[in-house]
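In the two assemblies presented below, chain A is common to both, partnered first by chain B and then by chain C.
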Partner chain A sequence: MVAEARRALWLYRRLLGAQVRATLQYEADFWIMSLSAVLVQAVGVVFLWAIFRSIPEINGWQFWEVVLIYALVVVAEGLSVLVAQGAWTLAVTVNFGQLDAMLLRPYPPVLQVLSSAVGMNGLGNLVLGTGLLIAAVRHVDVSWNVGRVALGLLLVVAAAGVKIGLNLLTNCAAFWLRSPYSMFAFSMHSFGELARFPVTIYGLGVRITLTVVLPYAFMSFFPAAAVLAHGPARWLGLLTPVVAIYCLWIGTTVFRYGLSRYESSGH
Partner chain B sequence: MEMVHARPVTLIQVAGLRKVFRKPEKAPGLRGSLRHLLQRRFSEHVAVDGIDLSVAQGEAVAYVGPNGAGKSTTVKMLSGILVPTAGQVLVDGLVPYRARVENARRVGVVFGQRTQLWWDLPVRDSLELLRDMHGLGAARYRETLARLDDVLGLADLLPVVARKLSLGQRMRADLAAALLHEPRIVYLDEPTIGLDIAVKDRVRSFVRRLVADGTTVMLTTHDLADIEDICRRIVIIDAGRVVYDGDLQSVKDTHVRERSMSFELAAGLPGVDRIAARLPGAQVRAGSDDRELTVTFDRMTLGAREVLAAVLAEAEIVDMHIDEPAIETVVRKVYAGQLRPEPDGGVDRETVS
Partner chain C sequence: MTFVTAGAVPLPADTRSRRIRAYRSMARMALKSLLAYQTSFLFGMLASAFGVLSMLYLWRSALAAGPRQGFDWPQMKAYLLVAFVVGSLVSSYTDYRMANRIQQGDVAMDLVRPVDYQWSRLAESVGFAVYEAGTAIVVVLAAAAIFGGMPPPDRDTVPLFILSALLVLPLRFGIVYLSGLLVFWTQNYVGVQAARIALITLFSGALVPLAFLPEWMRVIATYLPFVGMASTPALLYTGSLDGSDATTAVLVQAAWAVALWWLARLMWSAAARKLTVHGG
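For the complex of A and B:
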């Protein structure tokens, strides 16, 4: 069991590595993607800064605390596109019948899909996110000790797991919608961006959706609240690893269900 | 002493296999598409309609039929890509779509229309990734690769990125990728489509060797020449059903009797009657130009040599060729023969392409 999991993980790294090599064939792409990732996220920070110039706090959250939430999203997003960008290729893979080849190889199809692309923009995200994280950590009023740092690291990884699970889940729409575009998953992703702010500012419907239905808030607001020990949300934030496992499980389950509907192409 | 006869082991067992696809019913044009958004109507398309099939270990089966007959859909169900709508599939004791990973270790599949290599990687990287997925040891990998290289000539392909390969090169690389783990069962879906004669020959002799080594092969093709020296058994399907399952030679004897020879003559012929008189039972037609001539005959009653002699006696030949019937013609004849019990009832007028 353990040996098998280890082998699966090793193969996953092999497949990702192959994608990195394939991607690096296009050097210009790499630099443009990384740079644009930094730009996109930096624009968001400028936006935050502009808001906080006119209002000193949002629902009891100070500027640097919100930057910390933001940084967490950027890092988790960066991790997810680096190690599991393949979820976003599902629309094309499924609708052009390219899943065939994956179903003929002795390695779980879901892992082949997830490892089938590497988002090099993830590196840009990681650089900017880490910078923001360091800046935020220096300004927020929290006493740091080993336990808190460890918790922070665990929650960042779990937050990435949440995002990967949700990416997989929403992109599985490709099995039902026969279009080679990931519009559905992308609109869900955009909706998830709402969780870059303290979700307490939203109405009940949005809050429930972001917490329970598509728990995007667990890749940003809740884990940040847990690290900052800020407000009642901090207890929920401790559940992030559990939510990550749940999201990954449901993504995989829906994927498996989708596979039974897969029609290949050209019959 | 008792003689023990080794009973052939059934590797592929298919019963009542069915696959139905749902197709959106749309009127043409943008208006039709928009209307479909509001009024979603679907029609069912039965691609495979109750197929029974049993293939023994070491057998080489040609699986043929016209376009859209359900060949690829069957292969996709056998290889675990598609989940059947109904019926049973058992391949080497496994239900392919339930035990995909285990099934993938035992079978090799080649689709002529689509590559299974990693598009952006050199062929060597693709093969090494497959080696690791199959968990092949370094020694075994080297050995198999050397053997494949021997027949397929891979050496010059290994450093090339898959998307830069020509069709023939890609096919050779794809064959290597599908057979690297030395599968017991190999499905080949139109492996020679679009290839030039030299590569076709190479692929054919490669498959022949596979069969000789005891691999169970199921070959889907449009090209009668592909199967002639590879398979002894032929399964013909049409509209999702098996219309014939049996010996290849007897199909050819009963349904591929008609052959035609076309001639280009040095000078125009005033008429074809004199040649026709020399060849009773054959059809002799002038082409669009009176220097062209086509003789269609039953190869069981007349030989190519006699036809050639008859034409030579009346005219000077510049060029000639013999047309082999395409698999579609055979299928149509078999099918027509099944529907109409009287021998050669309505098939005489069939043109042989």
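For the complex of A and C:
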């Protein structure tokens, strides 16, 4: 069991490494993707800053606390794009019947799909997100000790797990929609962007969806509330690792279910 | 999909009207192709709708304590929704298709067609825009229903508002087309597109009215073509821009639309040379 898991992880690293090497062949691409990712996220921060210049707090949340929430989304996005960008290739893979080859190899198809691409914009996200996270952590009113730092790190990793699981889940729509574009998953990803702000600003329906149906709020708002010990949401935030495991589980389960519907192309 | 078929009717000898007919049918075909594959487009529209939804919620909370920088909640609502509709124009396929054809080399086929490349892309963009604006207005109506209505446009500036909103089309086309042409040099489009969207969003005032930005950023914005792509029409709608300021703003929009058109011409001739080099 342990040996199997280690082999799976080793192969995953090898597969991803091959993608990294392939991507780095195009050096200009690497820079364009990284810099554009930084630019996109920086604009988001300027936007927050511009609002908070005129308004001291929104719904009881202050600037650096919101930056913390925002930074968690950027980091989770960066990690998911770096280690599991392959979810976004599922639409093309299914549409062109390229899953056939993956089904023949002695390695779980879901891991082959996830490791089949690497997004270099993830690096830009990760650099900017980490910078923001550090800046935010230094400004928020929290007393840090070893336990809280460990909790923070655990929650960041779990937040990425939530995003990866939900990316896989939403991209599984490819098995049903059969379009070569991942527009459904992309629209859900945009919905997930709502988690860049404190979810308390939203109406009840949106809040429930972000918490329960597609729990994007667990990649940012709830973990941030847990670290900041801010409001009743902090207790939910401690559940982030559980939610991450749930998201990854439901993603793989739906993938397996989708696989049973897969009938290659040309039939 | 951009094929122009002559049909049963012989083409008139006059090349000018022949061209116009060709562009008209390109626009029609673009609209039809969008309708034929509308699922993807509608999901894309849904994605932008989520964006405007989060902005509305955020501003509603932010302005709950009272107006800021001259914006109260109803005005901000109107501002964001108008910015959303004009921002939907030329937002779906124009650049994506261009980039794809440039990367694949299919653009060589476009070069041999007896129509102008830039006018052809504009014609297609107009075709797309009909559907883009239509669906964006539906989204706005739904959003207005959720958020307790949307104030009507300011009566004094209505004609200028309409003119300004129409000018967004050539303006956005100019920027989108220019960024599409960049693919001749970069080969990468996803990154270029993301960067373009980020710049437009910030400096057009689509997310946050320029009044909220610090002085130096506003100065930069005034020298860029983006202001006319959201801020100008949205401010005209809410009536925050009037008198000679309003007229000037619309003239600036028109000037940029023309300038971008000719800039794109220059860039295209450079790009076409670049392509020849590629082909050996």
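One rule holds for everything that comes next: the second predicted complex is superposed on the first by the 266 of 267 C-alpha atoms of A that agree within 3 Å, B and C clash if a C-alpha of one lies under 4 Å from a C-alpha of the other, contacts with A are read in each partner's own complex, and residues count from 1 in each chain.
Heads up, the rule we're going with is that contacts are C-beta pairs under 8 Å (C-beta built on N, C-alpha and C of every residue); 3 or more make two chains touch, one makes a residue touch a chain.
If you're wondering where the values come from, they're calculated on a predicted model, not measured in any experiment.
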Fit or clash between chain C and chain B when superposed on chain A: fit
Chain A as apex of chain B and chain C, Cα-centre angle in degrees (nearest 10): 90
First (chain B), second (chain C), both or neither touched by A:Tyr107: first
Touching partner for A:Asn121 - first (chain B), second (chain C), both, neither: second
Chain B versus chain C as contact partner of A:Tyr262, first or second or both or neither: first
First (chain B), second (chain C), both or neither touched by A:Ser179: second
First, second, both or neither for A:Ala22, with chain B first and chain C second: first
Partner contacting more residues of chain A (chain B vs chain C): C
Touching partner for A:Arg14 - first (chain B), second (chain C), both, neither: first
Touched partner set for A:Met33, first chain B, second chain C, both or neither: second
Contacts of A:Arg138 with chain B and chain C, given as first, second, both or neither: neither
Touching partner for A:Gly97 - first (chain B), second (chain C), both, neither: first
Nearest Cα pair across chain B and chain C, whole Å: 5
Contact residues of chain A, present in both the chain B and the chain C interface: none
Contacting residues of chain C [partner chain A, same complex]: 39-41, 43-44, 46-48, 50-51, 53-54, 57-58, 60-63, 65, 68-69, 146, 186-188, 190-192, 194-195, 197-199, 201-202, 207-208, 212-214, 217
In the complex, chain B residues that touch chain A: 21, 47, 68, 70, 72-73, 76, 79-83, 97, 100-102, 104-105, 107, 109, 111, 113-116, 118, 120-121, 125, 129-130, 132-135, 161, 178
Contact footprint of chain C on chain A as seen in their complex: 26, 28-29, 32-33, 35-37, 39-40, 42-43, 46-47, 50-51, 53-55, 58-59, 121, 177, 179, 181, 183-184, 186-187, 189-191, 193-194, 196-197, 201-203, 206
Of chain A, residues touching chain B in the complex: 7, 11, 14-15, 18, 21-23, 25, 97-101, 103-109, 259-264, 266-267
